[in-house]
Amino acid sequence: MLQGIGSRGRREIDARRAAPATLTLFLAPALLLYAGFTIYPVIRTFYNSVQTIGPQGQQHFVGFANFSALLQTDFVFWKAVGNTALFTIVATIADVFGGLLLALVLFARAPLAPLLRIVWFTPVLMSYVVVGIIWVWIYDYDWGLANQVLRAIGLGAFEQSWLGDPHTALWSVMATHVWKWLGFNMIIFLAALYALPGEVLGAAELDNCGWAAKLVYIIIPMLRPTVVNLLVLSFIGKMMVFDLIWIMTGGGPLWSTETVSTYVYKRAFDWNTFDLGYPSAVAVLWFIIILAFIVLMTRLLRQHDRLEF
Amino acid sequence: MWRRTPLLLFVLLYTVVSGGPFIWVAVMSVRTTPEIFASPYALPSRFHWEKFVQAWAHSNYSTYFWNSIIVVSTAVVLITIFGAMAAHCLARYRFRGNRPIRFLILSGMILPPQLLILSLFQILLDYHLYNTLTGLILVYVAGHLAMTVYILEGFFAQIPQDLFDAARMDGYGDFEIFWRITLPVGAPALFTTVTLNFIVLWNEFLYAVVLLTEDDKRTLPLGIMHFMGSHQLDVGMVATGLMIAITPVIVLYALFSDTMIRGMTAGAVR
Amino acid sequence: MNRWFGLRCILAVALLAVMAAPRTAANAEDVTLTVWSHEADEDAKVAFRELAARNLEKAHPGVTVKITWFEKNPLLAALKTALPAGQGPDVLYVEPDWTEYVEAGYLEPLDNLVNWNNIEPWARQVWMHNGKTYGIPQEAYTNEIYYNKDLLKKLGVELPANAQFTQAQFLDLVKKARAAGITPIAQGVGDRPFPGAYIVGEALLRKLGKDDYRKLWTGKLSFEDPRVVEVFKWVKELVDAGAYPKNFMTLKLGESHYYFYTRPLALMLPMGSWYTGRAFVPEDKGGQPKDFPLGIMQFPAMDGGACNQCKTSAIGASFAINAASKHKELAAQFLDAMSTPEMGKMWIETIYLQTGIKADVKQFSGPHAAYFTELMERQKGTDYFIGGPRDLVQGQCKDSFAQVTNSAFPGGLLPVDQAVKMMNAACYKG
Amino acid sequence: MAVVAIDGLGKRYPGSSEPAVEDFTLTIGDGEFMVLLGPSGCGKSSVLRMIAGLEPITTGTIAIDGRVVNQVPAKERDIAMVFQSYALYPHMDVFNNLAFGLRRRSVPAAEIDRRVRQAADKLGLTPYLRRKPHALSGGQRQRVALGRAIVREPKVFLFDEPLSNLDAALRVSTRNELIRQQHEIGITTIYVTHDQVEAMTMGHRICIMDKGEVVQIGAPLEVYRSPANTFVARFLGNPPMNLVPIELGQSSGRLGNVDIPLRSWSPRALGHARTVLLGIRPEDLYETPPRPGDDLVPIAMQVSAVEPLGAETLLVLTLDDGTTDIIARVGRDTRLRIGERATVLLDTTAVHLFDPTTTRVIPRDLP
């Protein structure tokens, strides 16, 4: 697998090639761990997905029965797919561009920027468990901060049972998730902004370029790689959203916040069954959907934007 | 000056929104649960510092804390080194198998961990690593390698080839180049992954609960769960536990955020 | 790096060093019996089980009983991964609706292992599957409606002698309370898949009678049965009359207790009689105020109800032995140590809750004696249905029970016909 | 100190049909400053990287001091290279950038210190030894890159367009600095550039490359004066040599309506060609006769542009056919204006002739 082209001597001379032994040494620790603790479990999961696993681990091959049940009759799964897609797309965009906005505010020499950099980052440091609890209180109908503020500023008509109403629950959880991760994106963007060559911004100044124009024509294009990569990271993070939803709504009300991850967990641990086959099938199908999506995206974008923090 | 008013308003508003909940938790950590329930947003009438002592002494918090330090720091160090090695190799060398290996590692990013845990558990048993900190560390490392390799590989690929050529001509071999060029020049990306991995692992819960069953081996997030019972939600103690868990992270961040940002930018390759 | 960098590093290391105090090393023992138990947060139950453990250790030198305390969800996650791999503790906490553990063969039949003379036969019955008993019941409870006597008086309503309102009276009571600005029923489903179903569940039991009630939850009776629809319609009237608080969907179990007895106060709280686990703790731990006028009433009688004296009684916390355990005999002795009459008495006296252990409660005394007396009073003439709906429903039906019957329907999100249709789709197999 | 002998060197990248370098043969003498000159993509950098040991060699050999180094890894060739991007280690200060290459070669610490300080002193870098590269100006970075090569005291210096990232003024001063340094140290140097001024001013010899092949090797002025083909003719010199097709007559060629005598070429040299390319450098066209003599031919043309450069003025003149432009470099005090008709004098002794099909020069064969 690690064969280079040509003789041993040639390889040492080529700056972009290395001896198989060198490559192996570089890759081995990561690959071994990865093989043992990720690939192997994945294979077991794929294998599980075509089985029904009964009492004491007796397995029955069921072929694609799990999958056809999933595709044909499991309305919760499809609801979960829809919710996850909505959550992923909206929250990712809000997260990345919100983070950019915050970074720009700090970059524009807002007062107390060093302090704000810490304060604005605190949500990132809190665990989901605590964030979840706090925000359930904030969204509480009676004494939650959200409704109290609305009432205080005379918008009492807009008060909501934020997490209790299927129309607002997903959006409310989404807002909390974005709130938690904005600070992270902000820091990455801030570093990228500071890394921008000063001359470029200076030149724009000379061209009598306004802030908005500078942003649209200079800063954003130069931050493109950072934007793209934060979008990817964010996308993957949101796609697997679990903890926060599990704590805040448990997927309810009426499956309006059910995501694929919560559904998998529910089917694996919360149903009266030890059958791992079905939840494995859910996970496998989901994996395939995402993989197809990502391959499609790469085909569409076809560019080599890579990380530059 | 008036032009800046909207900016200042925004800054003020977002500061309240982002820092408010943390301040709220901090305040609750020195109030008792009945006080909190009676008036959730009030300031403490009396500071109940003894709650910290109680959490620390009675609830095994010192053990949890120590375990968390061991597990998280070991895992983060291993993830960073192994991840950087693999990323360096994938970004720097052309070889057959480069793309498949990259694809293999990166596709690991999109696996839901809720499911992997079932087979992981059985595998840990096979390896006799169940209910050990070592097992948890290895699972953490494997679980976060993909994302780390992804971030680092992207960054390393941006380091100009000339730097490596120069080092090669200066007489350095592959491993020395990795150690003396890639790692220091890649520091900004390493900062990013270390921060991200540290935060995520410090709060990790699902693997910890399933893979560790002895109280003496539990980590901090499980300790906090201690106060979040099914019947009694001891809000005050949850807040206290959270403050114990979060304070070191915030202090570290406050001490180093400056260095971190400077590191991220100063080392950047132009 | 500036010149403060070194100082910062020293500060950082010092901080970690101070916080990471040295931990104590565990010593080696001859035999260690491992126990995984839920209810880590209930001091009285923790004390109860730890006492049993210490008693066993005293009786068997060289034996150590190590109880690991979990919350429920973590416990489930740990068990569901450990047991299929032939691992897990020697003794585990179980509840009767966890039938999958029995079916999968992970639990050791206890019939010849433990001393059944100390256990109530009806409670043992709950754990019987195909003639074998798999769990030893510890906690027993009945479904009750707790109410605030002062508030009831304030509304000018008198509790009937049998402590049971009729269907119409109950609806009227809800309307009166709402009109007086009092929340009628403090209930929330923020963290539990069952509290929202108390009213509708008990109403169905009384309306249908025990047999049809069982059929309903096991998929043999349609939810479109007119009696079922009638009950749903009545509950919908309650909901529309504002029976539940506005934050019903997110209110957590603990918070609903607090809502009921401290702030902002509510008229009623339907709850299992394990209500005490939360309420009878010191007030500064979130317990019920000392002089709270707590009363207990029966769930309302249904018009044309087949069994208005019926009531759900169920077994909660139970313990079982892992079939893969290497110390089954010892494990059984630990189960026995928790089930002596003395321990049964201690259970009632310290936890104020019924138990499956045979215990003499006639000489019962203590700070909450009056409460327990009233609880016993409400059991007179009762026809028990053993087990709650969640012990009976399976799979998709269980999920729909949590989402529809427990949450969306009492939360006012669904009309009767839709709720019935959704439940039928998920549960009815006929 | 070394002789670098390159013999029949070839390079073909996988997946590419055209070879990047083909049959490249060149010997660089001990202490010689050799410039590889050519447009981008001509293969000069590939040659340099093959010498450095950063690229495998497809065919041919490279020998340093008689030892074939084809299979010797870069780190053992004892060659230092200055990169176009400088490739300074961004995380090390200037001192460590300079010392990095020595540490690996187990030079004693005191010796490292001495050599680094000496080099820094020579290059005026002493005040910046503790600075990181990002805090240096472009010129300073360039000098660090140079210093890094100098302290190594290697057998061979390689330069890969080291001045192309500098602004014009700095480029001139750094160029002079480089010439001085190389002269002092006297290490064999191979210098790659696409800038003909650098090539002309710096190299002892220039090797001009085009499309992977050597076109001409020689001392700068020699190459300038007698280009081997039209490519060299146009590549060297600014503005480049004028190339005009002319009809051949009897020992003369017709340019517009003027006969240019071609006495230095025998009919045999011109062969059967009817048309050849006449090459004349702009500085060989005069407004006023520089000397008496009959070898200046007047040509009358339309002035279509005047570009005063200060020291001199460039005239763009158009032949009467209306399509052919000829550039002349005349004195700064010319009074010619656009649209006027001017007569310039062509120095027939400075004329080159090229074969239009092969582009090769047609050498003079008569005295």
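Quick notes
Chains here go by letter, A, B, C and D, matching the order in which they are written, and residues are numbered from 1 within each.
Just so it is clear, a contact is a pair of C-beta atoms (placed from the backbone, for glycine too) under 8 Å apart; a residue touches a chain by one contact, two chains touch by 3 or more.
These numbers come from a predicted model, not from an experiment.
Counted as hops between touching chains, the shortest connection from chain C to chain D is 2.
Leaving out only chain D, the chains are still linked to one another by touching in one piece. Inter-chain contacts peak for the pair A-B, counting C-beta pairs in contact.
Greatest centre-to-centre distance from chain A is found for D, with centres as Cα means.
Chain B and chain C have CA centres that are 36 Å apart.
Annotation: 15 Å between the Cα-based centres of chain A and chain B. Computed from the mean C-alpha positions, the centre of chain B lies at a distance of 56 Å from the centre of chain D. Residues of chain C in contact with two or more other chains: 77, 84, 191, 252. Within chain A, residues 5, 15, 268, 276 each touch two or more of the remaining chains. For chain D, the set of residues touching two or more other chains reads 49, 53-54, 73-74. In summary, the structure contains touching chain pairs A-B, A-C, A-D, B-C, B-D.
Taken together, the chain D residues at the contact with chain A in this complex read 14, 49, 53-57, 70-74. Those residues of chain A that touch chain B in the shared complex are 1-5, 15-18, 22-23, 25-27, 29-31, 33-34, 36-42, 44-45, 48, 102, 105, 108, 110-112, 114, 116-131, 133-135, 137-138, 143, 145, 179, 182-184, 187-188, 190-191, 194-195, 197, 229, 232-233, 236, 239-240, 242-243, 260-261, 264-265, 268, 276, 279-280, 282-283, 286-287, 290-291, 294, 306-309. Within the complex formed with chain D, the residues of chain B that make contact are 160, 162-163, 165-173, 176, 180-181, 184-185, 187, 266-270.
Interface residues of chain D, counted against chain B in their complex, comprise 49, 52-54, 73-76, 79-81, 83-87, 89-92, 100-101, 104-105, 132, 134, 148, 152.
Within the complex formed with chain C, the chain A residues making contact are 53-57, 76, 136, 139-142, 144, 161-166, 249-255, 266, 268-274, 276.
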